[in-house]
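So that you can tell them apart, the chains are marked A, B and C in the order they are listed, and the count of residues begins at 1 in each.
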Amino acid sequence: MTHFAPPTMAEQERMVEAMLFAAAAPLSVAEMGARMPQGSDPAEALAAVRRTYAGRGVAVVRVGDAWAFRTAPDLAFLMQREVVETRKLSRAAIETLAIIAYHQPATRAEIEEIRGVAVSRGTIDQLMELEWIRLGRRRMTPGRPVTFVVTDVFLDHFGLENARDLPGLNELRAAGLLENRPAPDAADQIGPDEEDAGQAELFEE
Amino acid sequence: MEQHTQNRLAAEALIVDVEGFEGPLDMLLSLSRTQKVDLRRISISELANQYLMFVERAAELRIELAADYLVMAAWLAYLKSRLLLPVDPEDHGPSAEDMAAHLAFQLERLQAMRDAAAQLMARDQLGRDIFARGEPEHLVANRRVTHTASLIDLMRAYARTRTRDEFRPFVMDRKNIFTMEEALERMRGMLNYFGAWTDLNEHLPEGWGLHPARRRSATAAHFAAVLEMAKRGQIELRQGETFAPIQIRKRG
Amino acid sequence: MTHFAPPTMAEQERMVEAMLFAAAAPLSVAEMGARMPQGSDPAEALAAVRRTYAGRGVAVVRVGDAWAFRTAPDLAFLMQREVVETRKLSRAAIETLAIIAYHQPATRAEIEEIRGVAVSRGTIDQLMELEWIRLGRRRMTPGRPVTFVVTDVFLDHFGLENARDLPGLNELRAAGLLENRPAPDAADQIGPDEEDAGQAELFEE
């Protein structure tokens, strides 16, 4: 970008404002000056920006030798909701969730049958706490086992209108998702079997 | 340079380019640009000629073309011959003009989507031209741990369990599975009752209509069975429209 | 924090400004309202903030139903350091994205019909990973194929208020280029596209 005349002070103010906003760390006056067109006066532009923001919801604060935007301290109460630490769901939990979503209502025994391992109490509890699954009707079979179904919170989180909108096995395969071989544990080297796609469709309801 | 060599080079240039084409439609679109007219006024016969010439040259050079290029060539050859023939008033199929117009529409639509994609990518993009807050604020107190997963994680997890499933001994209980062999055996015994058109659904075995999985399995098995019987010439099949009941009748 | 009287409009403006500044992702009026003291009018406060920032180095932009601060496009030259290198999209991915955006909801078969080639494996996967597309409702045609639609992340990335603002959309529609026009059909025809969208999905493996 070439400028023959230095930009106006109003222009320079816009530049400082935008740089401070987008920067991942506080910026020094020298750093801002280096990015601005020749003939700019970053110190004066910064002073103007600071005046503009005085008393507003955000302010320009000094951090060592550098400057950054920070929200006004008296508005900290507005930020409390955002303090959420997100962690990836464990493999056991996401697999359990996926099975419930695809096969709902699903009993614990059915989940265990598909995963081939016992489902820990903690996994179900965690999914219930997230409000992604809830109890469905009891199954009318011996023992009257409880079933699990997915919730509206689940649909909302995953951007689905309906659990039936989840792609079937054939579509997963077409999208390349079935190609992702799991870690080479045990017998996992054989290709996916066509028969099984049909079985999955039977379950889908 | 000799004429022969020149031709050969031109042909090879074209062939080498095939790698850069995303299928026959893309190739046709490129060829159409040589006509330098509005895509709506393009000459489909001329385009067909160019395309067929390209396929011939590929054959001369013994270059193997993907099947869809050859399918397109066959279709264009057919279209070209139809365009040259006088219209047959007895022919109720689509006219050659309609087919040509549709191809022109497809080319125009593909070009429009290309242009739209280019316009989209030329827009100011977040993280390239416009920026979000670079340092979203660290917020205080009320630390709450939540877990997250994306839809793609969920689908991958499901794919993983299903893939793994295939390597376990197959222990699924078969009480809800009706096989095609069973259905065939059953329907064969009932063959003489199919004098008039009846719905296939009415012939499902008792007790298989209520549970969804059982109903599906029985329906699928019986459907496959009647297809087999139709193939053997034992019965006839018909269906009014998509999703309408499938009807069967004994043949002869 | 308890307020017995609702805060003044100037105070509410500060709050909206602070919340929008702090977050990297767009916020809806409802989300802001939920965090503000009772009796606040977040919509009016937002309108005031938008007026304040008109023409400045950062501006309030609309993304679907939500709002965010973004730097002014004309200042991009200052931001070279903030650019995050992203994986370059293939031509197939870009075209697929455009087709979904302009035809949404779009099925895989429709995308293939328009491009004249199969959607290569991983293309849909990549667009989903970028969170630019998501699953829409299944189409009520034979095979009930999955559909794809664009997301708010897509709108935010390309600076669109909503999907109706796509460049050239009205012209394309007026020219009939967004219609799903079936091929003049005949069973004996060897046309390249005689299968209708639903059928193609049915046979897909």
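Some points to look at:
To be clear about the criterion, a residue touches a chain if its C-beta (ideal position, glycine included) is under 8 Å from a C-beta of that chain, and two chains touch if they have at least 3 such contacts.
A quick note: this is a predicted structure, and the numbers were derived from the prediction, not measured.
Chain centres were defined as the mean of their Cα atoms; on that basis the chain farthest from chain B turns out to be A. Chain nearest the geometric middle of the protein is C, using mean C-alpha positions. Put simply, the C-alpha centre of chain A and that of chain B have 33 angstrom between them. If you average the CA atoms of chain A and of chain C, the two centres end up 16 Å from each other.
Chain B and chain C have Cα centroids separated by 26 Å. Among the residues of chain C, those in touch with two or more other chains are 21-23, 69, 71-72, 79, 82, 125, 134-135. In chain B, the residues that touch at least two other chains are 131-134, 137, 139, 150-152. Contact residues of chain C toward chain B in the complex are 21-25, 68-73, 76, 79, 82-84, 86, 91-92, 94-95, 97-99, 101-102, 114-117, 125, 128-129, 131, 134-135, 142, 156-160, 166-168, 172, 175, 177, 181, 183-186, 188-193. Of all residues in chain C, only 1, 13-19, 21-23, 34-36, 56-58, 69, 71-72, 75, 77-82, 108, 121-122, 124-125, 134-138, 146, 151, 204-205 touch chain A in the complex they form. Contact residues of chain B toward chain C in the complex are 22-26, 68, 71-72, 74-75, 78, 93-95, 98-99, 102, 105-106, 108-110, 112-117, 119-121, 123-134, 136-137, 139, 150-152, 242-243.
Of all residues in chain B, those touching chain A in their complex are 131-135, 137, 139-168, 171-172, 176-177, 212-213, 216-217.
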